[in-house]
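Presented below is the structure to which this report refers.
By letter and in written order, the chains are A, B, C and D; residue numbering begins at 1 in each of them.
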Amino acid sequence: MRLGDQEIGGGKLAVMAGPCAVESYEQLLESARAVKAAGAHFLRGGAFKPRTSPYSFQGLEEEGLKMLRAVREETGLLIVTEAIDPHSAALVAEYADIIQIGARNMQNFFLLREVAKLKKPVLLKRGMSATIEEWLMAAEYILAGGNYDVILCERGIRTYETYTRNTLDISAVPLIKQLSHLPVVVDPSHGTGKCALVAPMAKAAIAAGADGLMIEVHPKPSEALSDGPQSLTPQNFQALMDELRVLAGFVGKSL
Amino acid sequence: MRLGDQEIGGGKLAVMAGPCAVESYEQLLESARAVKAAGAHFLRGGAFKPRTSPYSFQGLEEEGLKMLRAVREETGLLIVTEAIDPHSAALVAEYADIIQIGARNMQNFFLLREVAKLKKPVLLKRGMSATIEEWLMAAEYILAGGNYDVILCERGIRTYETYTRNTLDISAVPLIKQLSHLPVVVDPSHGTGKCALVAPMAKAAIAAGADGLMIEVHPKPSEALSDGPQSLTPQNFQALMDELRVLAGFVGKSL
Amino acid sequence: MRLGDQEIGGGKLAVMAGPCAVESYEQLLESARAVKAAGAHFLRGGAFKPRTSPYSFQGLEEEGLKMLRAVREETGLLIVTEAIDPHSAALVAEYADIIQIGARNMQNFFLLREVAKLKKPVLLKRGMSATIEEWLMAAEYILAGGNYDVILCERGIRTYETYTRNTLDISAVPLIKQLSHLPVVVDPSHGTGKCALVAPMAKAAIAAGADGLMIEVHPKPSEALSDGPQSLTPQNFQALMDELRVLAGFVGKSL
Amino acid sequence: MRLGDQEIGGGKLAVMAGPCAVESYEQLLESARAVKAAGAHFLRGGAFKPRTSPYSFQGLEEEGLKMLRAVREETGLLIVTEAIDPHSAALVAEYADIIQIGARNMQNFFLLREVAKLKKPVLLKRGMSATIEEWLMAAEYILAGGNYDVILCERGIRTYETYTRNTLDISAVPLIKQLSHLPVVVDPSHGTGKCALVAPMAKAAIAAGADGLMIEVHPKPSEALSDGPQSLTPQNFQALMDELRVLAGFVGKSL
């Protein structure tokens, strides 16, 4: 799958990095410059945030999308950001390069059918307790709607273990490779919920055959409006990218 | 909460029964007459079916809603049926008495906000792996939108056990009673996936304090288009209702 | 199954109650008198405690068994207490009426074979993440060893939900009734971990067809050496037993 | 930790490979020669098999241990094999180099205390639904008994996913590294239950920092008495070892 001068699912690993939420233009630009300097290809950052509580911060919405587009022009990074309903999907398709469907919406079949019509690549996160089969069937809703550019994203499943936020199911990567032609990336930030586990799990994902990574990076994790404890600092992200560049060679890919 | 001459959450148990899906006018009317004769107050039956695969039967849609309304007029039973997106929600609000939000859509916050505006009672099923807190927060999206008539429905959670379709979490009933003022009903059909377990689990739910039940009944379970193995025959449903009438007295309620 | 003048699995519900651990003769006798006054038939109380940490209180061991026997003579209650290894199993068989095998040891096949030889009734708790099939197969180790007096005890399974200590799987009761001739009792104390949920779940278990209950009762729950938060006071236990006496009639049994 | 001329937990990856069960001297020797030729350091193979059903094949017992010792002398491979009770533990300590404690016995505290006394290295598998904390506490039973040579082995946890036998929790590797000084190896054979997933998950484990691997290899997987579907052929194992030798360099280790 080609996007501008980037590709996903071929010989080059795709790295999507950036803050959990778009908080301000300055925060976003600083994050973008840091992840670009380290070698990321895509900027992630949520403008529409699906939150467990209706009283939590819900994102900057279209204002956030405008910041993403401005930073895209400033840095050249492609944009991946989440859509949570038909209205936001249309907006995201206008401003961004990849429409993300989050774990909670994996079986929101209406939304899947809507994004199928938008003819933009879709990154489909695995539901919190979705089986591999349900996940592939959810992708099928998008494919059956005529949109063939679907990227799957493993982001951890819900188990009894409480030490990690989720249990990152790395085995999903080779399973998807056996069952489907779709590219699959891994999100070790949500998958573990702990910044100290992001680097080892990112490496594990690549060693298992993942086509890329989605990683939360924040200039000041302790001040993040959401997901601070699982965000890497720019320095840690740079160090991880240096390791991944070597590892990419091991799996016959480049970064 | 009062609906016509019925109430939910007071001294009278609410029983919602009927087929998984509306398949035809004849099937629906036969089901409705059977469940009414046994003492049910609400007819359930899906016109919009959220299915794992895009290639499975998706329901009769508005045609199904028309059948539900016709059977409502024929029998006097109130109607509870599922909405899966804004379009179906508006239609369901027009034709039915209670809008059901299914497990897959429990955190479809956009849909929750839409049904909040429709000013019809909403039955909110627990997500497949939702915590009690996430479930109550999902209800909060509807309450915060100005619709206070929310009924919670426990329908089983996903665990490692494969003998049952889900693990029906009866402890959710007394927990909800402690944490919230909302009425809570239990669906032992989806909760177990096995017709032989429906009656004992229905009784367990009432003994634990549930305000009602949602039960799948089909005139010919072996010919059902979906969920046949967990559907009761009219005869089995009648026998269960007879037992529940006695049990209701034990918990100080009536049926 | 008959034990002295008690029976398990017939028309009479068996109630086993008492403290989590035997702490002192006074604590045990006070507990025993309270549960006997309320109508319990068996006194439970651990002398050998399997603990997650090697540094936690491990029980009074044989000293505790002697207290159980003394209280048995004082009150006439039969004794059920846990064995954790061959040594404790032989001692428990000498002092008590029922040998309990805990959840952690459900697949300790060596211990199962040992208790099979001891010719005393065995109460076999379900493992924390055991399937119904694994549980029945564990019982088969005891039956195949020539000991046919096995009582199964559902005590909650491990799920993602953190609000309760475990998820009490009430559906195991009717499932066991379909698949096996063995009696099955339910432990709502470990199954929920919260004293406020014990009474509703005890009633749910009986309504679903359980042959009895195992309930933690402590004279002063706040001072208990273990499991205080899930223990009933004697007053709460008395109130529950009064309700159960009525409910027993509903299911065609007596208490 | 040093064992003969091998080490575990240092700069050299430890690979333990061989059949699930010792079936015959010929099968064992053929397996041993194959895994040795590919570069494995330890031969695994069960002589005492804990089985869900009492009617399944239970292993060759001491006869199997004798075969393991004979093959040890023939090939120079060190032996790791499971003990399931005090009797087998004493025998295993006599014949083998590492005593394995299986997942079902992780909280068999009596057995843990017994192997603590035997002064042989112990490989402690994670229980099927054990938390990281429970696992470390189980190790503490052995350490507190004066045996400091404990190797942890992640072998997959029980989740709702049925496509794989278990969900291999690779994040346990970096977590253990943060919380403990103990070496940790990974068993991708039991962790996935599918031979096609063994190689990618073995690589993921090493990339995440594991100190070694335990892998099932059988000369003819389709004829294996147990676990055939998850066993590698000698050819597949050889190919995996060739890849791991390169990957070891990436993580600064050797094979």
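Definition applied: a contact is a pair of C-beta atoms (placed from the backbone, for glycine too) under 8 Å apart; a residue touches a chain by one contact, two chains touch by 3 or more.
Just so it is clear, the structure is predicted and the values come from calculations on it, not from any experiment.
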What's the rotation, in steps of 5°, that superposes chain B's Cα atoms on chain D?
180
Outermost chain relative to chain C, judged by CA means, is A
In whole angstrom, what separates the CA-based centres of chain A and chain C?
48
Taking each chain's centre as the mean of its CA atoms, chain A sits from chain B at a distance in Å of 35
Contacts with two or more other chains occur in chain A at residues 129, 133, 158-160, 162
Would you mind writing out the residues of chain C in touch with chain B in their complex?
129, 131-133, 157, 159-164, 167-171, 173-175, 178, 191-192, 196-197, 200-201, 203-209, 246-247, 250
Within their complex, state which residues of chain A touch chain C.
129, 158-160, 162
List of chain D residues in touch with chain C within their complex
50-55, 84-86, 104-105, 107-111, 128-129, 133-134, 137, 140-141, 144, 158
